[in-house]
């Protein structure tokens, strides 16, 4: 009951935030210089064609009116047409979002699990060479942008040791399974196409790791430091004094409270993955939303830009809510009411 | 009185240093950072070809592998990589400092106000605005801003700042919410202190520790973020050397002309790494326990 | 570093170009789209490497003496991909469609074509508004769609009245052509797959590729890896010199280079101080390090001396342009009213930030100008910003580095760039606005006789060189890396075709996968 | 010394490493607890009580440095045992109630989970889920808390301080043990609750026939609950005697000062406390650590550390006022 | 009894909403008068609302209901709305000295704020005044340049007291000023407070749960239980003739150090039972869950605070 109330309240707040976001994006989009119609049609396009397109996009009307058109479209799920792909933005989103989603989910899993495991090992072997190595490696992970990883992986697995495919979601000799969810791996399982599944799986590994490494290092560091923090808490002492074996203290009584900051950071990092994915998508020719987002940004494709950002904003907001829920589950002291 | 004050500071600095230096990595980080700063300041003196940091092109000697004359090789324009990297430390450091100088005060003040007036109108406005900005992926936000403004160092600072401030207001907000209920804040209220005094003299000093820690970590992030901006063509103008641009351009030359990307990338990593290590130390410095 | 050897599986050609290709010939005009049109659609005439054209769908074309009426007889028995026969109505439909929609290559036909009509299933008549010498050359870009098929797929909720959306939506991922290849899969942002159309009227060589796959990436490392793994047969042309160098080193991979017909130059704003002074412009042209650019930036390319690419029919090979000459530059500068005041009048140079290679030229320009005391500020911009800047004379930078591509395979395309009507777009950032030149250009374009027209072009070229609105740099060399080991590509042996898209023409290629097996 | 000693701590010396050097906190602690004996240790905050107890349970902080000393429990020298053996040994023998009930329970697990785990590991046989639950209920009931099921399903923050403290006690005594160490078990609690808790500890220790160490800095609390007392000051025991003796005839100037500074229900002025504060642990002056606060300080106090002297039967005090030999030197 | 209306608290209630239409009834109708120059002791278990009463007096909370006046002026307002002159007259010393001093401000800063704010001294005499202040709580002047985390708890509390008296208030609330400290320093603080009271003619509201301490400092004592006053009497009366069972329970729980004291304690009642939550108070008498004498009437109707003997009030049917 309390959870539901909390959810409703948070969702309402999120709508306000998304509305604010839409206003901002809209304004930002319109003040960015450059005539989108002209850009899309080329230098030689006759003025009438350009004018027609401008009219179609309501570019000649006052900002408020433009916003009105745009917003009422959004309410009806119509994000307008993309100048980049020439088709309704919503079609683009439904096509590209699953690709990114699949990548990000996979990457998020790696990030969470990998970070956690590294953090735990690092705590376990605190102040030994294992710990130091993990710490330094995770520093490197945090400070190296994901596109550098992407390039390095591509070189390693393209030149030196070509065990993974390096391009796209699926090898060209295979065709996509019937579309149910847009998630290739899931669709291929539904269709029972093992080869497709396996092929898709091997395609996703490299980009996912490249994308995950930064966050993974971050998680590892956070997990380590919160575990070390909690290690000196009185309740750990009392668990010891009450004769609970070290192993259990470590993996149960220490781990759970220490997960709280990790989860919080994970939530944010996960949302950020969507934004960070673009360079990785570019390098791996991944037909995803982030790459689409950057392309449309560079082409000043207003409708598409707004839609992408609203979508990413919604994901961010959603992740925040999910994070809060998980944290409140981990930490009973946290009251959801606020 | 003077000597009192002096011993008091000496003691404080000493204790902070003890906590900071307990972790050897932090000391290494600090040393590294100081070295990099020195290198940046002394760039014209320690680089073999200071001219190459400016308006210089010699396409004929471009893309030479590292050798005795060019320790880190030359780039495709025939400029000495080593000299350019050292000079590029200047805008990188400047960028970090300037962005933080913009972002921290703004974020902090907004966070202070929103936190102190939690539940009031101002709080809602500020925090929802913060959420809006947080909701945008920072890189995308920075991209959007940079595409409005000309790609210059100053403007990429502004762009990165726009994406960064909300993190500080959030951080400070959460701290203020708990600090404002401390009895020392309440005492000041009961005494009749002004809001300004309470916010800036009573509450703010107690928020500094996480702010400082976050600042050291973000310093590195700012540099990475500018590098990412350069990767899509937004950043400093040539011929000014910029680490991010060097990596972005060099990445296209991998692996054959590895030195063009690897050395600047390594420098970024070194710089950011040193700051992260310092950040850890700063956090230790502010923690109460002596363990 | 060792490259992995991967066995080539089938007779497909994979190539990369900038995304997205538009499958609808009334919408797209970019490089990627042009490749698709050339391979998927048929046009009435077909360009040749010597700059002339041959009949393609046309059996025969008769031009009236005044150059206003074109009577076209179509070949019989040409089949669309769905089996329908291509007839005159389809040509009429395609022309009307592109004129109505107005996008893509529509600008070629809207001002010139007055009416088009069919006279029987194989007779088409086109009437022009006024005589236009290069008209035949523009017909290369009129691709014929299957009227019935398009009309069967229109979305009635569109801008074009009874035609609804004119089938635009359907054509995003489908084709309605009759060309040698037909689209089988279009995944936006990922790849386009087209397979041989077995019923193609002109037939195939047995070793022509069975299918081609268009992928949309230009990331250098990605391209390198794919070439190395033989997952890519032909690279895109936008790789940097260094990238091409590296690609060339891959065993079995060669570079193919040909004049693309594009020209590269620095356009000077003739209306803003100090480049409003012809002496300053000439001085800048004299100081430019042409050799440096060709050696350092475009190795193997040839120097461009006039507005027109030497590849184009109608270009004048006798023209001599500006050379690098410090003394002359200084002399010109002394004549200028800004002499000695260049600190107050710096020259801003602008180019699209996305275009990495231009950095080199800008830096060279800056370094050269410094030799005669002209101060150059660098102001590269994202493409979008640059476009909006050049739409206004005051915000147009003093110097803009731009590549100009031909709209059709004839010198007139480069000459007509200097018309006042081009101002405000990136086609002309010089803001010349000279009525005399305008008049000369109109006159030339309206001349039907080729020889006469070419002579008029030459006079205009000389005039432009004299007022020096543009520093001409390079006749752009298009380069691609390709798998020479098992792919035979006609362009590699003979001259290229001066029309966009036609050099990656699958029927011009033969693939021998077995040669790759080692 | 006979076999009657359950716990014997000899010359325990422990430092903490901190900024600027070492805090020489424990300065040769000597004390013993007999079987079935209830011992009180009092001393001002910061004098090293908790440090001593943590050393006995081998739960020292990371920066604690063991200098010398010997701790025997029964006949085992626990500082010589390896971790595993000690772990098993501690489980069977020693239990401790921690100072702060707020932080001694894990905040993110229910009381039930925590108690059941302790029982599970304390018992020799493998218990089923239901048995565990039953035992947990019994444990809750043993500290006279009503509504065991609700409490078991609650998180620590949902309970009052008094309840939490009782649960800590319940946890400590749910293990079979010989010695219960209660480190200021009531500091955070109200007088009425405090009385209840002490009563409970008293009762249970008697019932289970185990020894008890009750640590506090309030002299009032030990009076009814203990048989014998130690007064600790700045890292060593300065006085030890039966509880009765301590209240009736305190000898050490510190003890006297302490007793004087307690406000009495009988009213009347009470003293200004003991002026000054604990010595600087980093650079303690040589000699008696109480010298700077002592009203009867003598020359020798500044030179030499006093040793324990038996002034009356079973009444030891570490002060030169009572050391004739020392006086003469 | 001197000025009758120094501080007058009439039927003051303070309910804290905790959602779902529930309230913590921290104060549930308090009536109390404090006369100039006296020390009123306020005793009660944790959570009984002692601090809430203090905070409401200080203006940290606005009372939900009831009237508070200071020298006949209404002060049932939040501090922000009160006159600066009233703020000057009332000060508070909190229980936890660490929490009530800003750890990141130097003591000289902490102490000079009230002086400057209420314009007690001109700027040039500030330092002398600060030293005088430290002197009055018997701390050396070196302390001016220390941060509070580096000094001991007792000294911190002395600084807090110095700050509280800096502006020369008339009325001082002491909210358990020594309960977090050792007995060895408690004496000094209490003696300092008593000395100051005499010197500056202060009036104290002294909150504590240490009955022995109360015995030594208070003129009158009020016992609180779950937001209500249960018994109010002069100190003597209170110890010699406690009327309310809760008082007796409290007294019997006091840990004492001598036999004489033990004799003073009521024997017949032993502490037992749990305190009900202040959200769900029992109907009738709120002490019923722990009262050994509870009768039927106690379950249904709450007793009134009645004057059983002159100046001795109790809220019990017996």
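Labels A, B, C, D and E are assigned to the chains in the order they are written; within every chain, residues are numbered from 1.
Keep in mind that, in the parts below, contacts are C-beta pairs under 8 Å (C-beta built on N, C-alpha and C of every residue); 3 or more make two chains touch, one makes a residue touch a chain.
Everything quoted here is computed from the prediction, not taken from an experiment.
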Tell me, which chains sit next to both chain B and chain E?
D
If you average the CA coordinates per chain, which chain's centre is most distant from that of chain E?
C
In whole angstrom, the CA-centroid distance of chain A from chain D equals 54
Cα-centroid distance, chain C relative to chain D, in whole angstrom
90
Express in whole angstrom the distance between the two chain centres, defined as the mean CA positions of chain B and chain D.
50
Touching two or more other chains - residues of chain C
1, 219, 221, 354, 382, 384-385
Show the residues in chain D shared as contacts by 2 or more other chains, in ascending order.
61-62
Identify all positions of chain A at which a residue touches two or more other chains, and write them in rising order.
32-33, 151, 155, 159, 232, 298, 300
Pairwise chain contacts under the document criterion:
A-B, A-C, A-D, B-C, B-D, B-E, D-E
Residues of chain A that touch chain C when the two form their complex
32-35, 38-39, 41-46, 48-49, 52, 56, 84-87, 92, 95-96, 151, 154-155, 158-160, 162, 166-169, 172-173, 175-176, 282-285, 287-288, 291-292, 295, 298-300
Which residues, counting only chain B, touch chain A once they are in their complex?
25, 128-129, 131-132, 134-140, 143-145, 147-148, 220, 224, 227-228, 231-232, 247, 251, 254-255, 265, 268-269, 272-273, 276-277, 289, 291
Touching chain B in the complex, chain E uses residues 58-60, 79-80, 84, 87-88, 90-92, 94, 96, 99-105, 113-114, 117-118, 142, 144-147, 149-150, 163, 167
Chain D-touching residues of chain E, taken from the complex the two chains share:
45-46, 152-154, 182-188, 190-191, 209-213, 215-216, 239, 249-250, 252-258, 260-261, 264-265, 270-272, 274-275
For the chain D and chain A complex, residues of the former touching the latter
54, 57, 59, 61-62, 87, 90-91, 94-96, 98-100, 103-109, 114, 117-118, 121-122, 155, 157-158, 168, 171-172, 175
